[in-house]
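So, here come the structures, one by one.
In the two complexes that follow, subunit A is the common piece, with subunit B as its partner first and subunit C second.
This part shows the complex of A and B:
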């Protein structure tokens, strides 16, 4: 019974923790601009993250070692430093966007400018990482993130023409007035948002932090195979809301506030309060994950003592990297750089660097020296390999599309 | 040799990424270029107007909290003002473009005025006043939409 409760809690946390500011911005902006015609990109990204997060979790549970630890061993120090530099930069950009997202959620509730909330937000993120137990931290923000289920209820309350929504999603076309390059640029943004590398760093390092063993593999599968797709359902609900409310009015999503507008219209003050809580939880949870991921990646590469479970005096360099990263993210956000633009760049640049993160996982998940009898099966390898090709294509197309479309302008 | 090559590759990659991230508003050399920029500005201003219309609707129906409405309207005003500033900063290439500039410029100014009034009222949490002040928004939205369609 206790085990079942643990699995359920894990699944609920995975649903609530699936979304972050990248998913919120990308799904709302694409729904407002392209309707449901890019739903396939969310599904494509979700299957990808499910396949690779399961692998990363399994590798961590069986070998007791997280992703970045293995990247260096398998790719060699030189190649791994390139991987580290790219991943760390993108993670820092994502952390900046998440910290700003928390501050904006507070602004939506108070009308106090988000720049004033930034120092307090950064302090809170650091305090939670420093003082709160790993499991408690994960569960509280994951469960709070479930408030975003209000988006699905809001879609239902708008009484949409379901067949039209389904038709838009199942017969994707580029809307008139939009170019193919822009359409695919946004498809990459959605794909990148679903497959953000930090999710894997955090997932695999978290599994080691929580001392996962082979007996936790069923929990790993439940989190990934049930929790993530249900989280993706929330992403699609947000896209549907933007399709129903913002798209017909020609509203382009440039601010987080606009993403909440359809919920307010559909469900009133209660819905609005819940969606703001959901935004807060999703961005705060992701800020914790990206803050920790900054420490994980660097420490695992250099072989330092790492982990939230270790006290600062025992893993001083790990905690210092986390603290400095949060500080830098706050300072960048304080320059008043547009948080939505930072988010867009972080998810698109993530897409450009995806093979660097996912290729080593596929290699290690096939290595019997690490995995014993838990190596990938044929089916897992087939899907993993297909996805690797997709990741390479996406990564090669990202920067040219970014330049051609002037970042989707 | 190896490290110099790596540095060159890293600098080149950063330059390419930076080129993709920046979205400079280039000069308009022909009427057609100028017209495209005018169309995009009108669409952007219409987005702000429609956001404000929805904000006023949820505010007057009691479906939103005053701080949220205030944020929405302040951002709508700021976006419209940025679009206006960017467009008016572009040098019109010929007389034909001057007329386009005047026409859209007037529309943008009217839009900015209405949005400013709404933002001021929302900041005072006087949400019921918003309905009357927003009465001009539907007409402005229509005119901006017509302008964008005419210059597609």
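This part shows the complex of A and C:
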């Protein structure tokens, strides 16, 4: 019974944890411009993250070793440091976007400019990492993120023409006035948002922090196979809201408030309050995850002691990296760079760097030295390999599309 | 390690995690020191020390990046560069490399000690595990 509660809690946490600023911006912006015609990109990305997060979680539970530890051992010092540099930079960009997202959620709630909220936000993110136990931290923000279920209720309350929504999603066409290049650029943004690499850095390191073993493999599967698809359902709800409310009125998403607009239109003040709570939890939770991931990746490459489970003085370099990364993210956000733009760049560059993260996971998940009898099955390998091809194609296409479309302008 | 074993050093040692006698992570095996003339009977080189830390790593990275890392490390280091762990201290070679000393007594632990003593140890709450 206690075990079942634990599994349930894990699943609920995974639902809330799936969403972050990237998913919010990408789904809302594409719904407003392309209707439901890019829903397939969300599904494609979700299957990808499910397959690879399961692998990363299984590797961590069986071998006790997180992703970046293995990246170094498998790719060697030189290849891995190039990987580290790219991953760390993109993660820092994502952290900046999340911290700004938290501050904007606070602005929506208080009408006080987000720039004023940034220092307090950064301090809070750091304090939670410094003082709050790992499991408590994960559960609180994951469960709070469930407030985003209000998005699904809002869709239903708008009494949409369901067959038209379904038709838009199942018969994708590029809307008139939009070019194919832009269409696929946004497809990559959605794909990158769903498969953001920090999710596996965090997921696999978190498994080690929580002392997962082989007996936790069923919890790993439940989190990933149930929690993530339900998280993706929330993403698609947000896309549907933008399709129903923003698309016909020609409103583009330049600010987080526009992503929240359809909910307040549908459900009034209570809806707005809940969606702000949801946005806050999603971005704050992701700020914690990316802040920790900054420390995880560097420490695991260099072999430093890492992790929240220890006293900070016993993992001092890890905590220094986390502290400095949060500080830098705050300073970048304080320059008043457009948070929506930072988010878009972070997810698109994530897409370009995806093979760097996922290729080593696939290799290690097949290595019996690490995995014993828990190596990938034939089915898992087939899907994993197909995705690797997709990841390489996406990665090669990203930068040219970014240039052709002037970053989706 | 007293018993002589033949290992593919590149495969079984390089880039592996080092754990100290208390199980703390204590860096990676960034490079190895070999004594080529030590064993005339087999003509195989013998590993005499593990090199770990930025100084050792920089030599393997080559190019501009390697030179930059090396120069930073030389400036920060008060003693010998690169830091070494004598191979006699190695007690186990598995998916990680275990040594019999504490990380605080190892030459390779100076980065962690410096950060703890100069920065992180001064922040309130550094001595308590998260609650």
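By definition in this document, the second predicted complex is superposed on the first by the 409 of 409 C-alpha atoms of A that agree within 3 Å, B and C clash if a C-alpha of one lies under 4 Å from a C-alpha of the other, contacts with A are read in each partner's own complex, and residues count from 1 in each chain.
Note that in this section a residue touches a chain if its C-beta (ideal position, glycine included) is under 8 Å from a C-beta of that chain, and two chains touch if they have at least 3 such contacts.
Fair warning: this is a prediction, and the values are worked out from it, not measured in the lab.
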item: Which superposed partner A:133 touches (first subunit B, second subunit C, both, neither); value: second
item: Subunit B versus subunit C as contact partner of A:180, first or second or both or neither; value: neither
item: Partner chain in contact with A:211 - subunit B first, subunit C second, else both or neither; value: neither
item: Which of subunit B and subunit C A:306 touches, first, second, both or neither; value: second
item: First (subunit B), second (subunit C), both or neither touched by A:258; value: first
item: Contacts of A:167 with subunit B and subunit C, given as first, second, both or neither; value: neither
item: Which superposed partner A:345 touches (first subunit B, second subunit C, both, neither); value: first
item: List of subunit A residues in touch with subunit C within their complex; value: 63, 65, 69, 72-73, 76-78, 80-81, 130-134, 299, 301-306, 308-314, 316-317, 319-320, 369-370
item: Complex interface listing, subunit A residues touching subunit B; value: 85, 107-111, 177, 245, 249-252, 254-255, 257-258, 260-261, 264-265, 267-269, 272-273, 276, 345, 349, 399, 402-403, 406-407, 409
item: Footprint of subunit A on subunit C - complex, ascending; value: 14-18, 24-28, 30, 52, 57, 60-62, 65, 95, 103, 111-112, 115-116, 119-121, 123, 125-131
item: Contacting residues of subunit B [partner subunit A, same complex]; value: 10, 16-17, 19-21, 23, 43-44, 46-47, 50-51, 53-55, 57-58, 61-68, 70-72, 75, 79, 123, 145, 152
